[in-house]
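Chain lettering (A, B, C and D) follows the sequence in which the chains are written, and residue indices restart at 1 in each chain.
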Amino acid sequence: MSDATTKSASATSIENKADPIRGHARVVSNEEEGPGRRLRLAVPDWPGSIPGQFVMIGAGAEAGVPRRDPLLPRPMAIYRELGSSGVRASAEGEIELLYRVVGRGTQLLSEAREGESIKVVGPLGRGFPLDRPAVASVDESGSKAILVGGGTGIASLYELARALISRGRSVVVILGGRSAGDLMGQREFEALDVQLICTTEDGSDGVHGLVTTPLADGLTSGERGATVYAVGPTPMMKACAALAATNSVDCYVSLENPMACGFGVCLGCAAPRAEGGFFLVCRAGPVFLAREIDWEGLP
Amino acid sequence: MSDATTKSASATSIENKADPIRGHARVVSNEEEGPGRRLRLAVPDWPGSIPGQFVMIGAGAEAGVPRRDPLLPRPMAIYRELGSSGVRASAEGEIELLYRVVGRGTQLLSEAREGESIKVVGPLGRGFPLDRPAVASVDESGSKAILVGGGTGIASLYELARALISRGRSVVVILGGRSAGDLMGQREFEALDVQLICTTEDGSDGVHGLVTTPLADGLTSGERGATVYAVGPTPMMKACAALAATNSVDCYVSLENPMACGFGVCLGCAAPRAEGGFFLVCRAGPVFLAREIDWEGLP
Amino acid sequence: MTEAIDESVNFAGIVLRNPVLTASGTFGYGTEFAPFLDLEKIGGFVAKSLTLEPRFGNPPPRIAETPAGMLNAISIENVGVRAFLEEKLPALPDGVVVIASAFGTEPSVYAELAARVSEHPRISGIEINASCPHVKAGGIEFGQDPKLLGELVREVRRATTRPLLVKLSPNVTHIADMARVCEAEGADGISLINAVQAMEVDVETRRPVLSNILGGLSGPAIRPIALRMVWQVAQAVEIPICGVGGIMNAEDAIKFMLCGATAVQVGTANYLDPSSAQRIAVGISEYARSHGFKRVADLTGALETPRE
Amino acid sequence: MTEAIDESVNFAGIVLRNPVLTASGTFGYGTEFAPFLDLEKIGGFVAKSLTLEPRFGNPPPRIAETPAGMLNAISIENVGVRAFLEEKLPALPDGVVVIASAFGTEPSVYAELAARVSEHPRISGIEINASCPHVKAGGIEFGQDPKLLGELVREVRRATTRPLLVKLSPNVTHIADMARVCEAEGADGISLINAVQAMEVDVETRRPVLSNILGGLSGPAIRPIALRMVWQVAQAVEIPICGVGGIMNAEDAIKFMLCGATAVQVGTANYLDPSSAQRIAVGISEYARSHGFKRVADLTGALETPRE
């Protein structure tokens, strides 16, 4: 209990994580994707990542001279690992990010062009627990995993889905948006061996309504040992967590607190713990069991 | 004597100057030119300029969102007026700048690409006196004008040469650089009806030596009523001014003090006057009679 | 959404058509901006600080760029009070609100300046520059010592019945104490902040960049400091506040108003874009309208704070 | 050009392999940086400020971005002195120079912290954090009142014979006076500056961005302020100075040394590029070599000033 700042979200995080690197990635492509953009980066010495990890990337491409504004890097989930093999190092790995333009940093990022250089630190954070059961001590292999993604939250779910599939889990993916044009990454998820359910609030695509409708269906369909992984806007994660709790299944979420460093030294990314005190989202998370979080205390 | 800050460099500045505009110019092209670059800008509502005037331009292209670093605009002489007629307003005028990368602002400028937007305020400053004699009360029409340009200083001389030619002056242009590759704008000057002399310190092109050698020749060649216009590094301008003084002819220079505003309100661009006190370079200049300046007090 | 909104504010007894003034030393004597904006569409402007006699400033270099900021050591170069009143003021369009800024080395000098400008009908108010960060004597000394500041404000207050503003130096331990002194001595409003004392060095010449060694830091870099001080002073005094420091756009200006400023001054932004002040005035009004405020003045102090 | 150059400096009795330390609160407990740089290739690091007991900080949001800067209100969240000595220190490689930072609400608490860390052989020095800009009690109060500061330094000085540094707050009127007090009470060195008290507001929520309302501004935005204070303090005291504030690269660090700093601390830059400190150390050494200095230590105070 002496280390106030390093509570681990769960004992089940994968331990054979690679050390993060810092370096300059090259923009391979940066294209529109639904309501946001898809950024492909070639990262020298990229060691590979674990599903749920993230990178800190510079706001926009770097000029030939330093510009001090905006100052801080931005956290972004690693959507896809391309051309690098799991946690093993390779000379250059390609990764993909999915992002939406919400402010200055992401606006500048959207202006980065092929061949330009972007600062990258990562992979960071603990990923999703995959191999061992979480808190419910049941054998999860073969049991159902329900992945719920809203907005850019789906960026954390693609590699998770692949990893769960490869571990023999039966995977349901629920992607939600306001309308048809809102969904990102749909084509990659369609190519996976998952049951894909899309929801739109206006009914323009897939199921009419919120992601919680198919989630509730999936949870009450009787199967035991399901796990929910929900990543998206806070209200969505809260609602998913509540449904999971009602059905006595574990729910993992990934928090998106503002961050300055991403590796546990600025103490800026604190999220309140259910039992008092704080987690550092970047180091103890960003993945947490929903019930470990004090949702009321989140800004 | 009450206005300490607005001493006019000479009573001969052209008075029918147009009001400056502020706006966003579009980069038409931005290409290598000798040791520097040539930037062509399309400026909405450009009113045209007088030889020797300058613009304040944003450091680098503007992104979709504001970046506060670097903060201040940079002064740049208007090298060429293209497609706008003298001091008359036109819907969009094109201007050309010649610049060298010396720091952050010019580095960012060098990265601006076709179609990007750059903030422009101008035309600013008083230009060169053209129509009336300066202090020496002789009729200058037909008399020799010797224009001496070093480095990017030549950017202030092209439109001056054109204007003098059209006023029937016989024009000698001396362009100096360290070596052949150092000269900018040579092809435009070659196309003018001037006597063009290039000098290089290493003798790789034109006359071997400094610009002062042909200048001294030109001044001692006996003709009366010559005027020298010298723009370049401070030591060069000082040397030219000394030669002109020895030969009792006027020498105009254009100073390149650091500037924040460019139109006389920050008081940042002060240059010491020979008779005490300061000129505001942006408003009283940037063109001055060399003898009006206290050269020792220039930083 | 398109109803007219009341943009006017009453700042320290000066009725402004909108809350956007421009800051002393960054707007010349007003006419310089005529090509770039409509002087009658901004709230008004504070003219360059005046001394009794015309005055030259420091030798160059006087300015330098720093991260998101600029450094200056101009040192109150100005045309002197007589030329200001006789030449500069008459050149301005009628509807322009002008606030004069006074600078001196003695309270009596400030008082004389205040008395002289007060006689002129075109002067709407007087701002005491008690805070110039790079003049050897005067200015900042007053702004850094509550006792001296009190004496200064008292003496100037006696010399004029016009709206009297005091511009405070940020280079102090307790800004609220300085504001309280001004209020106690009868100031009608507080302007803050002046530039922050700072320095820049050239590693190639191994010299300070400014001939004066020290200068004043302005621009976006100092905005969070200015905002903090405005908020602290707003908790401490009843008289109105004019927020100054790093305002580049309407959003920045609104932050100051939410923290308690009745009006704002735009400074360094005038150099980057000489039409800034007018653009900001329009932006404030649009924000107020789209956020359900009836009057721009209602933005003042509309910050919700978790406690205190 | 390629001769070896002496990079070491003696800072307040601590021999550093080069002048680049990292700043408290920005370098964790050191091991976090092992993937990014060689801890034995930087001068050393100042660990996160310690309290007697483990301590949680403020609720979120704790950080915000500002122009060329960042705002934080962490509030000395730390593992407590026991865990620091027993768990954090032993995890570090042998050659790492560690300076402990002490924080408290009473001089006696600082003194107890100093006494406890002094017993540990791995601690090379103690830095008194007399300047945290956003903790309600303690810290900044000491840093803003010369009398309180004197008492604090006196009491801590009695508690340890180790090199004792005092980290000063920039939120004061006369920084040189504060430094003189520290020198008089036996401090071995001065670190400056801590973050500048500041604030940021969200115009959409109309709330302060930080839960704590006020925070500390760090990063390049404050560098010119820090540089000015280092220069002022260097004129005022004989004890060595560690320059802190907005250092992003070697050039920035050299500016501080030229102004009189013996060593520097890199803070916010660690977040942007966790290898910053090592990169800066290399850059300083290259500059010294290419500019004809025999020893990096000769950069200290090598500024030429026109007068004074």
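Here is the rule we go by: a residue touches a chain if its C-beta (ideal position, glycine included) is under 8 Å from a C-beta of that chain, and two chains touch if they have at least 3 such contacts.
Computed from a prediction, not measured in an experiment: that's the story for all the values here.
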Chains touching both chain B and chain D, listed by label: A, C
Euclidean distance of C-alpha centroids - chain B vs chain C, Å: 35
Distance between chain centroids, defined by C-alpha means - chain A, chain C (Å): 47
Distance between the centres, which are taken as Cα means, of chain D and chain C, whole angstrom: 34
Numbers and ranges of chain D residues touching at least 2 other chains: 67-69, 211, 219-221
Chain A, residues touching no fewer than two other chains: 66, 68-70
Arrangement of touching chains [line / ring / star / complete / other]: complete
Complex contacts: residues of chain B adjacent to chain C: 1-5, 19-22, 58, 66, 68-73, 119, 121, 257-272, 277-278, 297-299
Contacting residues of chain C [partner chain D, same complex]: 66-69, 71, 144, 171-174, 196-201, 203, 205-208, 211, 213-214, 217, 219-225, 227-228, 231, 246, 251, 254-255, 258-259, 287, 302-306, 308
Residues on chain D engaged by chain B in the complex (per definition of touch): 67-68, 220
Parts of chain A lying in touch with chain C, wherever the complex brings them together: 68-69
Chain D - residues contacting chain A, complex: 25-28, 32-36, 48, 54-65, 67-70, 72, 74, 77-80, 82-83, 87, 211, 219-221, 248-249, 268, 270-275
